[in-house]
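What follows is a structure written as structure tokens; I'll ask about it next.
In this document, chain identifiers A, B, C, D and E correspond to the written order of the chains, with residue numbering beginning at 1 in each.
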Amino acid sequence: AEEFRWAGQGDPSSMDPHAAAVGTNLSFLGNIYDGLMRRGRDMSLQPSLALSWAPVGSDGWRFNLRQGVTFHDGASFTADDVLFSFERATGEGSDVGTWFASIDHAEVVDDFTIDFITKQPNPLFPNEIANWMIMDRDWAEANGATSASKEEPNFSRFNTNGTGPFKLESRQADVRTVLVANDGWWDTAEHNVTRATYTPIGTDATRIAALLSGEVDFVNPIPLQDVARVNGAGGFSVIEGVETRVIMLGMEHQNDTLHDSNVTGVNPMKDVRVRQAVYHAIDIDSIIENVMRGQALPAGLLISPGANGFKDEFNTRLPYDPDRSRQLLADAGYPDGFSLLFRCPNDRYINDEAICQAITAMLAQVGIQANLQTITVSNYWPLLREDDFDMYLLGWSPGGSLDASHPMRFLMHTPDPEKRLGSWNFGKFSNATIDSLVPQIVSEVDAGRRQDMIDQVHGIMRDEVAYVPLHVQPLVWAKSDNVELTQRPDNFFNLYWVRVN
Amino acid sequence: MTDTNTRLLYRIYDSDIGYSFRKSRIAVAATIVTLIYFLAAIFAPLVAPTNPYDLASLNLSDAFTPPAWVEGGSSKFLIGADDQGRDLLSAIIFGARMSLLVGFASTFLAFVIGVSVGLVAGFRGGMVDAILMRIADIQLSFPAILVALLIDGVARSVMPSDMHDTIALWVLIFSIGISGWVNFARTVRGSCMVERGKEYVQAARVIGIKSTTIMVRHLLPNVMGPVLVIATIQLAVAILLEAALSFLGVGMPLTKPSLGTLINTGQNFLYSGEWWITIFPGVALAILVLAVNLVGDWMRDALNPKLR
Amino acid sequence: MAPQNDSPPLLEVRNLSIEFPTRRGTLVAVDDISLHIDQGEVLGVVGESGAGKSLTGNAIIGLLEHPGRIASGEILLNGKRIDNLSYEQMRRIRGRDIGAVFQDPLTSLNPLYTVSRQLVETIKVHTDLDTGAARARALELLEAVGIPAAKERLSSYPHEFSGGMRQRVVIALALAAEPRLIIADEPTTALDVSIQAQIIALLKRLCAERGTAVMLVTHDMGVIAETADRVAVMYAGRVVETGPVASVIQNAHHPYTSGLMGSIPHMKHGVNRLTQIDGAMPRLNAIPQGCAFNPRCEKVFDRCRKERPELISIEQNEVACWLYQSDVGGVS
Amino acid sequence: MSDAPVIGPAMTKSGTLMRVEGLKRYFDVSPPLLNRWFEGRPRQILKAVDDATFDVERGKTLSLVGESGCGKSTVARCLVGLHKPTGGKIEFDDIVVTASGTDHFAQVRHRMQMIFQDPFASLNPRWRVFNIVAEPIRAFGLIDAGVALTRRVHELLDLVGLTAEDGKKYPHEFSGGQRQRISIARALASNPEFLICDEPTSALDVSVQAQILNLMRDLQDEFGLTYLFISHDLSVVYHMSDSVGVMYLGRIVEIRSAAEFFAGPLHPYSQLLLETIPSLENIGVARAPLAGEVPNPLSPPTGCAFHPRCPFANDRCRSERPSLREVNGGLAACHGVEENRISETQQL
Amino acid sequence: MIAFAVRRFIQAIVVLLAVSLIAFVMFKYVGDPISQMVGPETPIDQREALREQLGLNDPVPLQFMHYLGDVVQGNFGRSFRTGLAVDRVLLERIPATLELAIVAVLYAVVAGIPMGVYSGLYPDRWLSKFFQTVSLIGISLPTFFVGVILIYIFGPTLNLLPTFGRGEVVHIGFWSTGLLTVSGLKSIILPAFTLGMFQLTLIMRLVRSEMLEVLRTDYIKFARARGLSNRAVNFGHALKNTLVPVITVIGLQLGQVIAFAIITEAVFQWPGMGLLFLQAIQFADVPVMSTYLLVVAVFFVAINLVVDLLYYVIDPRLRLDRAVAQGG
């Protein structure tokens, strides 16, 4: 009987695996629900409820399912449950519908085989659904939980019935959630945890105090500055890794005027020289050393090393060169600089506020007066959606697919609500070549040709300074020495890799 | 003129209150400390070694410089630098300026509202009084911090967002001020009810002086004693409240930090050994509030005839 | 009427001075006064506001308030000093030997307790009676002070009584342990004219019945006239004249006393201009040298401004005035 | 207006200056609505002054006496406009000041002034004496600020026995008697003809009281002032008045010339009041105290309000309220007097 | 008595109505609930539909009427964020906050009153001066700062006390209590200390000054003149008379404590209403916020009611009606 207690920053907003495509939820629920496949310690796709998968015909994928799997309530798992989970995930109220954007329909072949028919070839489909979790149709129907919608009293938001390694024992939202090991799990358990308690602790200092005073075994994340302290405390260790999330600056590309500026009637950011000037003004090494305490990688791309399509030669940054920056501004017609509205979240990314402050100071040194406005993330997105910024800070992680095309679809393609493309491209960066390349990249099966197109996009991206990539955010977890666990680069934490000694 | 001034000064010096002040070493010390804060706040740009608002002057590589006497410290940063490479001493001086500004302005607002309401309620009595005092009751059932949080929240969502930092100061002043008027109103009302029954008020009414004139010229000066005490206490409360709001993330923005904001940011570096970033602003705040409270305390005793 | 026999007077105050240390030096509020009260005697103490009457009374029951203190002098009860007793020893004397009635009946009673509780509490402190007996005694006392339907009123709270009734309760409390001396500090000033007479009459009757001596502090000469056996007239912390009541009123020697008598509007004297003493009693911090009354005195002469007069016997009275100092001879 | 007379016009006219008819002032002291609903408690009207009628002769002094709470101050306040009368008529110098519909009060306001009881409360402690005295002058716009005003204030201070220098001080620097002088100076500032004095000396020591009473009489002689003098001290009233009105529970029970009144009051209450005056002559003789408590003005006894305390009360007194009737050159409200059961010579 | 009760009740209703109106109107304009309810990917038309469905497009007075109607029926809506019925969520959180508040106030009272009495009785002793000084420091330190430092000291440094949460709780009916388990008791020490420190100071200072004032009254002097013992005078007479204002303040403070618990709960991750409220503010969770406000107001009103009744018990003068008191 090994107890494991851990603390994180926030609580999963729902126990429904389709309700929110948010890391916190998916990571947590991955302990309760299984998907068709799962990612290993190195992010590689591994069989889970699907034993194998392969393209079927030209436009589809076939999944052969594992037999003898039962849900926590004892019901057995069949292809029908997969079909149900697909319907549910694409249905009303689901937040994970975009994972299936390429799917036309699904067909149950037999009890343990299912086909997903795509609208056009989609080589990445298995990657894209790596975080998709399977629910039991009978249980959902019996409890009126056939949709993931939020507003009705939805049973599935507080109750679970997965096939995963842990069962939900009790849950008090925002206070504590207790899981117990599922003895009937289909896989042999690597973990030795019989009971696991999760507590969300919002305040950094309190969270780290909880670890250091032995009240929890593991916390995620810890503030960067406390790494040394934890390592030095004795009995604790920090697990550091590189997350797949890239932090960047976004800029207004389309509007003809800035929101808050001493230059009116023009949008300097439309001038690529100005965007380059911003790029050159940023001393990323200093930010990494002082704000990120040396625990981040400088980024030249919107994807991190290890992502599909990443190439080192494109990952170089424009050098820090304030003089060049001033020169570029002068060339663009702003020898005295200009001012702009710089928006920044203060509780979304690691040290986001401090990063923005540092950037503001650096921009000030070349003459750009950024009016920095920091705000809690829940109010941040609406502002970005309302186009209420001149420059903003964004972090992007290529989700389950870990593919270079992911940020292209969301961040680089011209916004197109119809096709659900460019939906996070708040600055409305637009480049015809990229727009034509993105669909091709998405459906291209040949790896070489695909990489060429990706490189082409990355080239344009950098020439145009569509975004100013900053760094790849680190993952900093801390645990007590008596537990072993695995940090996955997507910041998912899996209980089934935990051993308590 | 100067002659009357010096005479007035001497009168104050020589009065009972002046004497009790001189006799109380604590009160003198507290007043001096408060004055130092005030002067430092008023003349912050002259006093502070650097201008912490001038972002262009910041150098990120100065970040986390410890106090000068600690190993690794630099004489450039007497009590260290914060996470942005800002001179902490300057930040504290400017932070105290913000805290005092918020404290003063909000206390003044509470004072104006409270005293007006109290005067009207106490002088008019009857229905007007009943209604005003019920409003005060309702206000009281919203503790100050809630009121401030609410107003702040509302202001932030109603105002255009790029004005947030610009208006943050005003929002703070308004919300803290609004949450503090009841004490003034109740006290003034109480004293007013006593005073309005006194015959000097009736004497004024007999010669047909207008009510508003009576309130302002006759009553107001006579209810000011306890009001001053409350004002001092409210000043301390307002400074603390501002700090608390900053801690909860709705106070002054990081670009114009108050002491509370500084503590809040610094708190993140307590465990990593960069204690000075939070401890110094914390101590600065505590000393300021303590000094103000001490002055208030002394004043309460000195002005309370029942206690001397 | 100095005591004729050998036994000491019930209460004797010898050369009592009371002072207040202040920042501008020590204020002498009561300056070297001597008084005595015999068994069953009513001593009236009159004087203007601030003359030091209450302080004297408070000093006698040992309740001088901080920072006031006895600077010198002795207070003797039955010949034994009581001014230097500990709090506990003095407590035993208070209520049992010396009772007190203060000016304002509105504030003398604890508003939170019933009348009976306050009475029973007092009785039990000074006697061995159990609660039942104490209650019975309380009832007797209330009846004695003339509270109608005393039985029902026992469990009333002070605020349920009128001012006059409350003062009766206060008197009952003061008499609860049958003290031999009552210090009544302006017991009627806060009361209505028509009630004042009732209370004075009551106090006088009860004390006469029980042989209780009374020190009656007041500034109402009329009250003194009808109640007191002897009078002490105080001015600026000093006793300026003392003697049997009739003699002081009708045959005042001290210019202050006679001025005081003259300034009382007399019904029977026709509507003349009142005698008036100009000026006001000096403040404590500005008591003139010599005789404190000298700036207001019509008969002032040099010596008055320099030397302080002591009490000397003139006829039945004792007077502190240089006019009557035989060695110099007055102006008269 | 700098050549305004230093002193109010010395009135040579004689006759009635102030005429009060049927003056009523009621206070609604009902318990709160809910108490009335749930506890069945009635509305309660306190008749502080009920049907008071009297005249004040020019240059003369009318005194009102009576126990605490009998309505003396309320009468005074109605006269100077501090209370709005519930009913009745007030005429000042033939100008109807209060009657339904008309209000000429502003016209006469500066011609009457009031002196209050408490010398400690009647001066604003935060004002310098100069400003206190100057306030009515400024309020009525009698003299423009400047030298004339200063001179006038100094004259007034001088008049009441203070010095010009005293104008710079604050009230707390004065003794009670001096403060009352300041009050008088303020009251005289607007050259009033009529002064209402509500127990002006009851807070003072006798020796000081004598100074004030003398001063008031001097002023009356000098300027022909008319006084309404309120007191509960009959010996003071005796000293000051030309005529006396006795109030009991909001009603005037007797009103006569002072000489007659003190020679032999008619109403039993007046007789009792007179009895309670301590006398310096009868040393050691106890007064016969007036029995009984002051009745509750909220539920005054039926009939003659005095009957529970009256040794002469009979059934008629208990049921029928007497009204003021002419008796021996004065007015009295008493069945006994009317029926000759009580003669003025009969002493208790 | 009935009238008194009814009056109090009506006042309470008015206060509650006003509070709910203010709460409703204010929160009507805070944040955008829709963006919290749906994922970031949900298209505009779906958002609009949801807006319509939730009645967020109705006229404001109508929304308020609906809201009131619901509140009266005990239906406080569902949290925008978690979808849980708000009353259930809050009900779950109330015990934590109440226990914290009550323990804090209790500690403040139990320590504050004796300290106040002592320094009122013996104002010149050094211990009184010490109390005075300490208490001033107590009201001069920001709560959150104290909390942070305490956590630092008792958590990682000394490893003595838990630094977050409530520890083990025991469920008794709907109530969950941490006061019956060792870990629960240990957990409440730091937050209650932090929260109560300010109140302790207030109470101590108030008791002291009331004591000083009461000791100067005539009835205390008269009680001494009657020969009562020091004890009887100081505790039987003086202390009881100081209680009336002290009780008011304690009552008012309990309301304040519940609100100021927001900070303490945030620092110590105490799973009470305050933490919920703070989260709700962050997520513009209107139903939770307005219900929290209502709950605080209800507590406030309830406490006031109790205080009034206590007055009634302690102070006989209040039992008398105004008019009678005047007439007598």
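Just so it is clear, contacts are C-beta pairs under 8 Å (C-beta built on N, C-alpha and C of every residue); 3 or more make two chains touch, one makes a residue touch a chain.
If you're wondering where the values come from, they're calculated on a predicted model, not measured in any experiment.
Participant: Which chain's mean C-alpha position is the greatest distance from chain C's?
Facilitator: Using the mean of the C-alpha atoms as each chain's centre, the farthest one from chain C is A.
Participant: Using mean Cα positions as chain centres, tell me which chain lies farthest from chain D.
Facilitator: A
Participant: Give the chain pair, either C-D or B-D, that is connected by more C-beta contacts.
Facilitator: By the number of C-beta pairs in contact, the winner is C-D.
Participant: For chain C versus chain E, what separation do you get between their C-alpha means, in angstrom?
Facilitator: 53
Participant: Between chain A and chain D, tell me the centre distance in angstrom, where each centre is the average of that chain's C-alpha atoms.
Facilitator: 89
Participant: Specify, in ascending order, the residues of chain D that touch 2 or more different other chains.
Facilitator: If we look for residues of chain D contacting two or more partner chains, we find none.
Participant: Hunt down the residues of chain A that sit against at least two other chains at once, touch-wise.
Facilitator: Where chain A meets two or more other chains at a single residue, that happens at 205, 208-209, 212, 376, 379.
Participant: Specify, in ascending order, the residues of chain E that touch 2 or more different other chains.
Facilitator: In chain E, the residues touching two or more other chains are 31, 148, 152, 156, 216, 266, 284, 328.
Participant: Enumerate the contact residues on chain D facing chain E in the complex.
Facilitator: Counting only chain D, the residues touching chain E are 29-32, 34-35, 37-39, 41, 44, 46, 296-299.
Participant: Can you list the chain A residues touching chain E in their complex?
Facilitator: 13-14, 19-22, 95, 97-98, 150-151, 153-154, 157-158, 172-176, 199, 201-203, 205-210, 212-215, 233, 376, 378-379, 381-382, 417, 420, 423-424
Participant: Where on chain D is chain C touching in the complex?
Facilitator: Answer in residue numbers: 67-68, 175-178, 205-211, 213-214, 217, 232-236, 238-239, 262, 272-273, 276-291, 293-294.
Participant: Going by the contact rule set out above, which residues of chain E touch chain D in the complex?
Facilitator: 2-3, 6-7, 10, 321-323, 326-328
Participant: Provide the residue numbers of chain E that touch chain B in the complex, in ascending order.
Facilitator: Interface residues on the chain E side: 11, 14-15, 18-19, 22, 26, 29-31, 136-137, 139-145, 148, 152, 156, 209, 212-213, 216, 252, 255-256, 258-260, 262-263, 266, 278, 281, 284, 293, 296-297, 300-301, 304.
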